[in-house]
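Two complexes follow with subunit A in common, the first pairing it with subunit B and the second with subunit C.
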Partner chain A sequence: MFGPIQNTFALALLDPQRPVPGALVSHTASPPAKRFAVYRNNVVVGLVNALAKRFPAVQRIVGEEFFAAMARVFVIENPPRSPVLMFYGDDFLDFIASFEPAAELPYLADVARLEAARTRAYHAAEAKPLDPAILQSLDKAALGEIRIVPHPSAEIVRSKFPIVTIWAMNAGEIELAPIEDWSGEDALVVRPALEVEVRALPAGGAAFLSALFAGAPLAAAAGTALGESADFDLAANLAGLIGAGAVTKVFLANLQKDEMP
Partner chain B sequence: MTVRNHITTATIAGSLAAAIAMLSAPAWGAPKPPQPTMDKCYGISLKGQNDCAAGAGTTCAGTSKVDYQGDAWKYVAKGTCDAMRTPKGMGSLMPIKS
Partner chain C sequence: MFLASELPAGTGVGFKPEHFRDIVAARQPLVFFEVHAENYMGAGGPPHAQLGKLCEDYALSLHGVGLSIGSMGPLDREHLARLRALCERYRPESFSEHLAWSSHGEVYYNDLLPLPYTEETLARVAGHIDEVQTELGRRMLLENPSTYVRFAESTIPEVEFLREVSGRTGCGLLLDVNNVFVQAKNHGTDALGYLENFPLDRVGEIHLGGHDEQTDDAGAPLLIDAHGTRVADPVWALYQQVIRRTGPVATLIEWDNDVPDWPTLRAEAEAAQAILERASRASAA
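Moving on to the complex of A and B:
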């Protein structure tokens, strides 16, 4: 019974070309056009601000005016499907990638992808990273078959652009400067304790971690990484992976019960 | 035919031992200036700001000004993108090689 009214209301909310819903009444005017315009505006402004909060580096790269205008187009086309706003904009990066006015900044969507991963890491479950001392107690003969449990917050973001540098420059981590080395950077995003951390991965690192995170045993993951980059350094990557707190457990697949604490 | 990259158990054991040594080396814990382009490795931890507030957008942040318009696109990126331009590209932000 309220379906048609709600539909008309929702459509008019995001499309100013549509008339104010006729069913709206107030004690001053009917339909209350001005009040509806305020509400219409606040809905869009509120969602644009939510995106600006989630994608501050993207906003800094393009400037507030461009960002607000771009976000507005996205908001109109993609209103939230959930009342939980903290993940609103998961598909903003796809929108940016296909948004023609942003085409001259081909790295922008990947920076957005990094920022989206950071928000997910921020809200991911708490977990204690693996104690490196446990590694010394592992059976050496079975090392190649070891698998890991990734930290719930850990995510890999790969890019053919220097996104870690670009992000860091726009998140206040390093100074803004021309980027001499315009080669791609892969990022590990993880929140081992209270703060979300972003680390640039060395050659083959993303392939190695992606394989491990997907459940591949250590030897196979190292083989995949070597296949992608001859410069892959297993020791450095193991140290980095553990040191970053991106692993919570190691175990042998055929000995599930002997899972390390 | 693809060549499988065979990793021996000895290689893994050696790498793990080296990794443990790296993790316990005092230099690992020392703070380093973040220079992701200079030193592409896990050792650099960039934090950024945790300002992705869960409640963003839930406030009545909008103004009563009706600034929502269905205008044609007219905005130009005016942020930091110019400052980051690669000197080699002369205005082109496309990578030299992908």
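Moving on to the complex of A and C:
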């Protein structure tokens, strides 16, 4: 009966303390320890590599060796539940946040959060961004009641750390240099066409976009943003949001989405 | 009525996104590309844009690595639905999977793991293939594995197992010649004997890839199906013998790790093409 053997085999793959399953043989040596080790290695290294592919800036920050050691612990504790590995590691950032040896880098989990959002944006459904000219055609009196439909790829990532700058330096977007202004940065991640874009949001921007993405009308979202930052600039944030391609539709609250321009 | 898995009888390569620009810059001397189905299970983005473009000019082989046909547990219906959606989206000329398992319980292990060959596993694998073919509305190809261990309980030779699965389900076979070589070296058996018995009339595609060499506990050679190098000379020799018997068959170069530049990969495909062309001249003569 293969069922119980398959179970023993599977459990031993991720647990080096377990013996080589007794059902296994080879024509040379028994138990075939080195042979079984090939499978153990394939599984762990393959999954570590999948994480390295998804979190290259995290890997660059901590170095390949540290990353592999950290990812190995994660893989063994949290193996994937789906064969679609492009989304494996959505919970890697929580693991990083509580991974003691990385405690010196408190921003690391937020950089991972940004990279996870980038992969989701990369694979998100296509949608045509709203034409910015539409803003001119809107009834000014009703502007406050307008709601938006976010682009399927759009996500907000907030941080107490300058994660957009840290990410950009470690993704080869800008030169590595000391960061003079060590203050929090919020990011808008969006893929309006084929390239994933990461933009640092101005003061109050993340609160504004989060409220809009959650379905709040413009006036209420602006109020939330102003409550968080007195410097919030509605016109600039709205233009920035639409200019980034992060909106696919605008509509008035009393209309259905499909009645929209 | 099932759709057949029918690739044109020329050469193809496993598509890697880093080659996309080179590939579309000119018409390539290839008839098909193969992709791992699981890499195209996102909703959109560059992977689909690139695959859509390739499909305008070349045939497509959709090759699954995550269905776990060799599991004793049930198939993952969600995954099967994702495969069906991909088949409907791209209408590939072929869909293939492995005689292996990769998931158990809730966990996906991301490797092609071995199974014993018994009446019990034969019935299970055939049942899974019936289920896949019914769900996808097409015949699939099943690939012979490379393995590093054997099971004491195995009673059926691998070739007989494959022949029987194909006979019971009507599925075709994907003959990986590198796997045949690796398998023979790893288990002290005879690659030529394996190929002599192999039901070549069921073969819809051939895979060629590179392997690494390690040693096992007894210091004996242990070949790893690593797909990170050129096709080895003895594998080319086996391939030539197969093609002499079959005539031209769709042939794929697999190079998944340490991926080389495009001209290097294309040269491997051209080497296979030369062998196919000699076979086709010989059969015409």
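By our rule, the second predicted complex is superposed on the first by the 247 of 261 C-alpha atoms of A that agree within 3 Å, B and C clash if a C-alpha of one lies under 4 Å from a C-alpha of the other, contacts with A are read in each partner's own complex, and residues count from 1 in each chain.
The criterion applied here is as follows: a contact is a pair of C-beta atoms (placed from the backbone, for glycine too) under 8 Å apart; a residue touches a chain by one contact, two chains touch by 3 or more.
Since we're looking at a predicted model, the values are computed, not measured.
A.B. asks: Touching A:Pro162, do we find subunit B (first), subunit C (second), both, or neither?
C.D. replies: first
A.B. asks: Please work out whether A:Phe36 is in contact with subunit B alone, subunit C alone, both, or neither, and reply first, second, both or neither.
C.D. replies: Touch partner of A:Phe36: subunit C, not subunit B.
A.B. asks: Quick one: classify A:Gly46 as touching subunit B (first), subunit C (second), both or neither.
C.D. replies: both
A.B. asks: Does subunit B (first) or subunit C (second) touch A:Tyr122, or do both, or does neither?
C.D. replies: both
A.B. asks: So, does A:Leu85 touch the first partner subunit B, the second partner subunit C, both, or neither?
C.D. replies: both
A.B. asks: Counting residues of subunit A touched by each partner, does subunit B or subunit C come out ahead?
C.D. replies: Counting residues of subunit A touched by each partner, the higher count goes to B.
A.B. asks: Which partner does A:Ala10 reach: the first (subunit B), the second (subunit C), both, or neither?
C.D. replies: In the superposition, A:Ala10 contacts subunit C only.
A.B. asks: Find the residues of subunit A that appear in the contact set with subunit B and again in the contact set with subunit C.
C.D. replies: 38, 42-43, 46-47, 50, 85-86, 122-123
A.B. asks: Per the contact definition, I'd like the list of subunit B residues that touch subunit A in the complex.
C.D. replies: It comes out as residues 4-7, 9, 11-16, 18-20, 22-24, 28, 34-37, 40-70, 73-81, 83-89, 93-98.
A.B. asks: For a test of understanding, state which residues of subunit A touch subunit B in their complex under the given definition.
C.D. replies: It comes out as residues 16-17, 37-38, 40-47, 49-51, 53-54, 56-57, 59-67, 69-70, 72-73, 85-86, 88, 100-102, 104-107, 118-119, 122-123, 132, 135-136, 138, 140-141, 143-144, 160-162, 164-174, 176-185, 188, 195-203, 205, 218-219, 222-224, 226-227, 234-244.
A.B. asks: Mind pulling up the subunit C residues that touch subunit A in the complex?
C.D. replies: Touch residues, subunit C against subunit A: 38-39, 41-47, 49, 65-68, 71-72, 76, 79, 82, 101-111, 113, 115-116, 118, 120-121, 124, 148-153, 186-188, 214-218, 220, 222, 224.
A.B. asks: In their shared complex, at which residues does subunit A touch subunit C?
C.D. replies: Touching subunit C: residues 1-3, 5-7, 9-10, 13-14, 23-29, 32-36, 38-39, 42-43, 46-47, 50, 79-86, 122-126, 152, 191, 194 of subunit A.
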